[in-house]
Amino acid sequence: MTVFFGIFLLTLLLIIAVGIVRAQNLFTAVMLTGIFSLIMAANFFVLDAADVALTEAAVGAGISTVLLLGALALTPSQEQDVRGGRILALFVVTVTTAVVVYATFEKPRLGDPQAPVHTHVAPWYLEKTPELIDIPNVVTAVLGAYRAYDTLGEVIVVLTAGIGVLFLLGLPGAVGRRKADDLSSGRMHLNHHLVPQVVGRLLVPFILLFALYVQFHGEYGPGGGFQAGAIFAAGLILFALIEGEREAYTILSPRLLMVLMGSGALLYGGVGVANMLLGGNFLEYSVLASDPVKGQQWGIIAIELGVGITVASVLLAIYHAFAARGL
Amino acid sequence: MSLAAQLPALQIVVPLLTAPVLVLLRGANLAWAAATAASVMAFVIAVALTLEVQSVGVIVYEMGAWPAPFGIELRIDGLNALVLLVITGASALTLLCGRASLAGEIDPDRLALFYAAWLIALAGLAGIAVTGDAFNVFVFMEISSLATYIIIAAGPNRQALTATFKYLIMGTVGATFYLIGVGLVYMMTGTLNFADMEARIGEVTDQRPILVAAGFITVGLALKAAVFPLHVWLPNAYTHAPHIVTAFIAACSTKVAIYVLLRFDFVVFQGNLTGHAFQFASFLAPLALLGILIGSAVAMFEGHLKRLLAYSSVAQVGYILLGASFASKAGITAGVVHMFNHALAKGALFLAVAALAMRLSGLRLADIAGAGRTMPWTAAALALAGASLVGIPGTAGFISKWLLLSAALEQGPLGIVAVVVIVLSSLAAVIYMWRVIERLYFGTPAGNALSASEPPWMLVAGVWVAALANVYFGLMPGLPVGLSEAAAEELLRHLP
Amino acid sequence: MFIAASIAILATMILAIVRALVGPSVWDRVLAVNMFGTKTVLLLSVVAFLYGRPDFLDLALAYALINFIGVLAVLQFFQNARDDVEDSS
Amino acid sequence: MMAQVLDVASWIMLLGGGIFVLVGGIGMLRLPDLYTRMHAASLTDTLGTLLILGGIMLQAGLSLASIKLAAIAGFLMLTGPTATYALANAALMSGFTPQDAELPEDLKP
Amino acid sequence: MELLGLFNYWVFAVLLMVGFYAVIAKPNMIKKLLGLGIFQAAVFLLYITMDKVEGGTAPIIQPGVDAIYSNPLPQVLILTAIVVGISTTALGLAVVVRIYEAYGTIEEDETQRQDLDA
């Protein structure tokens, strides 16, 4: 069954990928990218990676499409014809692919339980997590505890992207000289489309509620700070789409967004530093409570919250930065 | 746990967590002060760590107290202690003396964000240097890259943007190649920890994926390290970045990629892949030699001071790799020492360039003519650092070139070729540095150079500290050479 | 029976992709993307039951909510779009 | 007995849903212009989705899964037609005329 | 069947090729970023393919059920990598927007020509 789904979805994936590269109209390419993400996520799901599928859905199909459209609104959307230079590119690409295919024949087959990946390190995680951390979702346990240092890095990457976009494009009311009042209200919102507006208003609270569910249910099911942050940001982006930028600023002002960006990362790091002050190593949550298992759980909840805050505020700030550039 | 035991984590945590604080703070002066304080603190920690490495050997720190390979461990030995010194030293010095220059080039509203990005770049580079986990290297590589793109894009001209975009594309391709390689190794060994990989890779019977992984990792890191012919992003990025940023990244960003390349290839691959030492050498040595020749040749004919120095950097990367490709103790020692010395020389040169740029209208060789008379201190420091780049006896550059030559002579026929190339390129270096110095002192002043005065004393002091470091480490090379020898022994211990 | 339903959904996905690739207008593509999104939601729901892990319906729920945002973003994009986006080739 | 009835009902719903979905897909591919395609996609989408989700719900019985399925069905009920409406509206506004049809006076570009 | 177990890896290889081609051969900067996205997605596929165990299920432990679980580690790595990917894309798009404002084009060869003329 897995193989059947896999082959089907992967073949579609290839067709779409070629379609993206061939499309001369960038808008078409962006639309196809949306489909690409959806197939990729379905494929992750078929391969037992529920957490990754949720992330790809929230990020790839939602946020990334919105950001690409935001950038496309500020740049021309027709690609110019390519002249020359293809032979070398084709050569480099073909060599790379040949090398990769050469390697495949000695790789472990899909799903082989004897593959080194499944016999070393991973069984330890599956076996020890119930005892050491006692949460059902092992992915969250690895992400939030065993490899929490990587995840801190991930939060900083997101923060850096936020800093970079705000540095380059500015954000009215927070970065640069423009004030929020300078934005022309223009036609950048949909509030003369009655039906989408009513339905959108109805959906926003549900999306935000669902984001909170994903945030705090991450220990038990697929989800966690990153996915929740992305979904939360998507909900607020929906609000900004239907009500306009200036309305959105009254809910969460740009200045507050920047404060949230920093404080999410600081919350994460703060947990680590608190562990150090309590006599443990950096990010050793066990010292947070008298019972090490409880300490681990508290630590994971706290850092996931930090991840969620930073991701949601950064993605929203990036969206605002692109949207405000066109006003 | 005592403070001393926490130093490896603090090395990363201090700059990494100061950055979000800067996002909260408004005000350029406060941001500068905080960033500089964090950089100086990081430098102090790096010095403490170096002293500790010299006395106790390898330091291991388990993040979250999870034992490797299940958690992530930090592992510091002679090699990364040296890299840490270079990174944190460069950041602290350039920030301390670069405030006025940066304030002149960047919109004051955005300076706080700029300093935050700078600190993240610093933390990312340091994070790559200390970690013992292959995937963690990828994460910190991306942290430092993204932050570096931002600080390069802060350059005043529009070319800074296209340079950033090119760097962003090539850097991401390089990082993704590295990720593919790590994935293949993980697939065959089931682990991400360097030490554990080394232990388990010997048992892998199907070697094709490992070989391909070695290829991907080497090419990916070569892209990041600007090894010829993958250097095309470097000249524009160095030329159009803010001058102080150029001084910082020229001193350390390519070096860190080379460090990972050395660590991965020696620790994980060479001991366990039959013939990999040979493949490594036969892949890198020709590229290193070509890079040296072509970088030096282009620099000789370049008319823009920063671009000239950037092409010289391409050649210098070649020197470092040439030493490493000998895979002998003398060779690696020479390469690593050159990593350190080149950072000193280029850091000083680009700082001097930043000082010139504050007072002159442009940086083409015609624009700097005569500045030696109106800005004597800056010009003298530039000449001194240039001497180190060329390798005049008594400067740091001489030490590493001498070590490299003697390592090459051990190598037989290939060594002779290497010696010829090194001598040729040193002559080229004499020519291109002489063109600069001749213009500085004997050119007829024109335009701004006539009325130019010395830049703020902080900057001049910083340039002189860097320049004098070149002399100091030229006369007393004990510290870098000692650490490099330890590093070489550590790396070679893994060979069969 | 889950399998029959999932095959129907997969077949529809192919049809939607053909429409997305051939166009001809940008609106056709948007329509195809939207339709593909709902089909993905259905596929995920069916597969969750096929695999016996109904707790993964969260994913389908996330898709159902997020897909809509994409369509509204497109709508807003066209409101401000210039003429060069239209290709009715 | 009850279980069997439910089973059969759910099979019929799943099968029927599958057929509607497929018909919608074919219509989307074969119909001549944008608006007819939109019509095919949107109508069958709603019914097919409802049937398939209903079929699964019958299989799941009364559980958290059923509530989630109901929520999914509810959201799709809301968003599907809205999205189609928004698309059709935007296409019409930007001057994309239906084949063989005249625009009403007040909508002429 | 033996070779079908490698199908995922071949798709990985071809996706890599398609994305990489777009990155090197297309002068349009947004196209390059889209290509980069495909290129990275290929790597995600490589990692996620590794995590699957025959007959396994997602690594969310169901108490009392004796199940085989797939490998959680590659999933964690790819979660991180997806985040890195979107961050890079966002930053890249911001740079492209600024380039368009400064040059009036987002074709790389065109910007190079303008720089040379200047």
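Note that the chains are named A, B, C, D and E in the order they appear, and that numbering of residues resets to 1 at the start of each chain.
Convention: a residue touches a chain if its C-beta (ideal position, glycine included) is under 8 Å from a C-beta of that chain, and two chains touch if they have at least 3 such contacts.
Bear in mind the structure is a predicted one, so any value in this text is a computation, not a measurement.
**Q** Looking at contacts between chains, which pair has the highest count of C-beta pairs?
**A** Per chain pair, the contact count peaks at A-E.
**Q** Distance-wise, how many Å sit between the C-alpha centres of chain B and chain C, to the nearest whole number?
**A** 47
**Q** Can you give the whole-Å distance between the Cα centres of chain A and chain C?
**A** 19
**Q** Calculate how many whole Å lie between the centre of chain B and the centre of chain E, each centre taken as the average of the chain's C-alpha atoms.
**A** Those two chain centres are 28 Å apart.
**Q** Just how far, in Å, is the C-alpha centre of chain D from the one of chain C?
**A** The separation of the two C-alpha centroids amounts to 11 Å.
**Q** Which residues does chain A have that touch at least 2 chains other than itself?
**A** In chain A, residues 50, 70, 72, 76, 100, 105, 107, 115, 117-118, 121-122, 125, 147, 150, 153-154, 157, 160-161, 164, 168, 193, 196, 199, 203, 206, 221-222 touch at least two other chains, as defined above.
**Q** Among all residues of chain B, which ones touch two or more of the remaining chains?
**A** 135, 139, 142, 146, 149-150, 153, 180, 186-187, 192
**Q** Could you list which residues of chain E touch at least two other chains?
**A** 16, 20, 50, 57-58, 60, 73-74, 77, 80, 84, 87-88, 91, 95-96, 98
**Q** Which chains are in touch, pair by pair?
**A** Pairwise, the chains that meet the contact rule are A-B, A-C, A-D, A-E, B-E, C-D, C-E.
**Q** Write out the stretch or stretches of chain C touching chain D in their complex.
**A** 1-2, 4-5, 7-9, 11-16, 18-19, 25, 27-28, 30-32, 34-35, 38-39, 41-42, 45-46, 49, 54-55, 57-58, 60-61, 64-65, 67-68, 71-72, 74-75, 78-79, 81, 86
**Q** So in the complex, which bits of chain D are touching chain C?
**A** 10-11, 14-15, 17-19, 21-22, 24-26, 28-29, 34, 37-38, 41, 45, 48-49, 52-53, 55-56, 59-60, 63-65, 68-69, 71-72, 75-76, 79-80, 82-84, 86-87, 90-91, 94, 96
**Q** Please output the residues of chain D touching chain A within their complex, sorted ascending.
**A** Per the stated touch rule, the residues are 75, 78-79, 82, 85-86, 89.
**Q** For the complex, give me every residue of chain A touching chain E.
**A** Residues 2-3, 6-7, 10-11, 13-14, 17-18, 20-21, 26, 29-30, 33, 36, 40, 43-44, 47-52, 55-56, 59-60, 63-64, 67-68, 70-72, 74-76, 79-80, 82, 85-86, 88-90, 92-94, 96-97, 100-101, 104-105, 107, 109-113, 115, 117-118, 121-122, 125-126, 129-130, 136-139, 141-143, 147, 150-151, 153-154, 157-158, 160-161, 164-165, 168-169, 220-222, 226, 311, 318, 321-322, 325 of chain A touch chain E in their complex.
**Q** Name, in rising order, each residue of chain E that touches chain A in their complex.
**A** 2, 4-22, 24-28, 30-31, 34-35, 37-38, 41, 44-45, 48-63, 68-80, 82-84, 86-91, 93-98, 100-101, 105-107, 110
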